[in-house]
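Below is the structure I would like to discuss, written out as structure tokens.
Lettered A, B and C in written order, each chain numbered from 1.
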Amino acid sequence: MIGHIQLETAGSGLYEITAQLDAVVRGSGVTEGLCTVMIQHTSASLTIQENADPTARRDLEAWMERHVPEGDPHFTHTLEGPDDMPSHIRAALTSTTLSIPIENGRLALGTWQGVYLWEHRRRGSRRRCVIHIGS
Amino acid sequence: MIGHIQLETAGSGLYEITAQLDAVVRGSGVTEGLCTVMIQHTSASLTIQENADPTARRDLEAWMERHVPEGDPHFTHTLEGPDDMPSHIRAALTSTTLSIPIENGRLALGTWQGVYLWEHRRRGSRRRCVIHIGS
Amino acid sequence: MIGHIQLETAGSGLYEITAQLDAVVRGSGVTEGLCTVMIQHTSASLTIQENADPTARRDLEAWMERHVPEGDPHFTHTLEGPDDMPSHIRAALTSTTLSIPIENGRLALGTWQGVYLWEHRRRGSRRRCVIHIGS
């Protein structure tokens, strides 16, 4: 089964999509299987991160901003703005696609795991993900 | 089919889990398919790395320790200890989930590839992985 | 279904393999499903990146060369040459395996997405990928 989710991001940062994914899984009726989500963009990405203390996610974002900074004088791909090239690199360092087992009709995530869409562009955008549910 | 493996880690480092995964694959009876393994934690991760010379794995660990160091004064998420925040970042930079084709009843890994659980916490922990085998 | 692709790389850099993958998908006759590609090496990797402006890929390669440089005096795994250890680290920071949904008989990539094999060794090599197509 193929499903889709869309998210309108309001700016850079981590947006949890666990609930939307779980809704697609429930809608599929699959109780034991595999859920794969792929983001259809190269300036946003996916990651599974701690869903408890938000300071963990902020420190993760800040590390990325320090190590893949905007305005790096080495960048030549600057036509789409100073936040475009860092976005592509940050996407390459994280994930474009994630496969999560389904157990008892739910994503088999650990207690503290959430699935996040990571918007890397400053202004945000409409982001689309394609989801495959297999058994 | 869904399976599980557990590993008690003794401290930070790379622990090979190829044999445990291959045992789950053999137990499934699937000869051609896909094996997906997901670690249910955000302070440990997965990676496929060279399984021959151990110096390659030590250099990989050391690179990570230099670039995502403990005690980075930028970190604010420090309540769970100085090794907690680096663990989350190191996990985001590597993999939480891996999908490996099955061919002739075995993981279709290259000659020098092994699957590793990467413990990022200093003290180690009991780590759980969920495995999905599909055809 | 299991398929294979081989690529003879001419040196380090990003090589697009989207067309080869799409050919395997078409050959499978699967119209809705999941395509997983795994590279059977630890000194080359996979990534989904922008397939339009080549300066984006060059900046990505250059970032990696600056942050995981050849000749880093910390490296001890140097027997196979100065470009070997950086290759393993660059592979760990990107992807060894990618799963892409299939929709209407094609890889459900976004408009600007291409699938790339990233050769990290200087001299290039014969690189093999295993592909699994599931429904």
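In the analysis below, a contact is a pair of C-beta atoms (placed from the backbone, for glycine too) under 8 Å apart; a residue touches a chain by one contact, two chains touch by 3 or more.
Being a predicted model, the structure only gives us computed values, none of them experimental.
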item	value
Graph class of chain-chain contacts, one of line, ring, star, complete, other	complete
Residue-number overlap at the subunit B/subunit C interface, same or different (half cut)	different
Rounded Å distance between subunit B and subunit C, as computed from the means of their C-alpha atoms	20
Multi-chain contact residues (two or more partners), subunit A	34, 67, 93, 95, 99, 134
Residue ranges of subunit A touching subunit C (in the complex, touch as defined)	1-2, 34, 36, 38-42, 67-68, 72, 74-77, 79, 84-85, 88-89, 91-93, 95-97, 99, 128, 130-132, 134
Complex contact set, residues of subunit B against subunit C	32-34, 47-50, 53, 55-56, 58-60, 62-63, 66-67, 93-95, 98-103, 108-113, 134-135
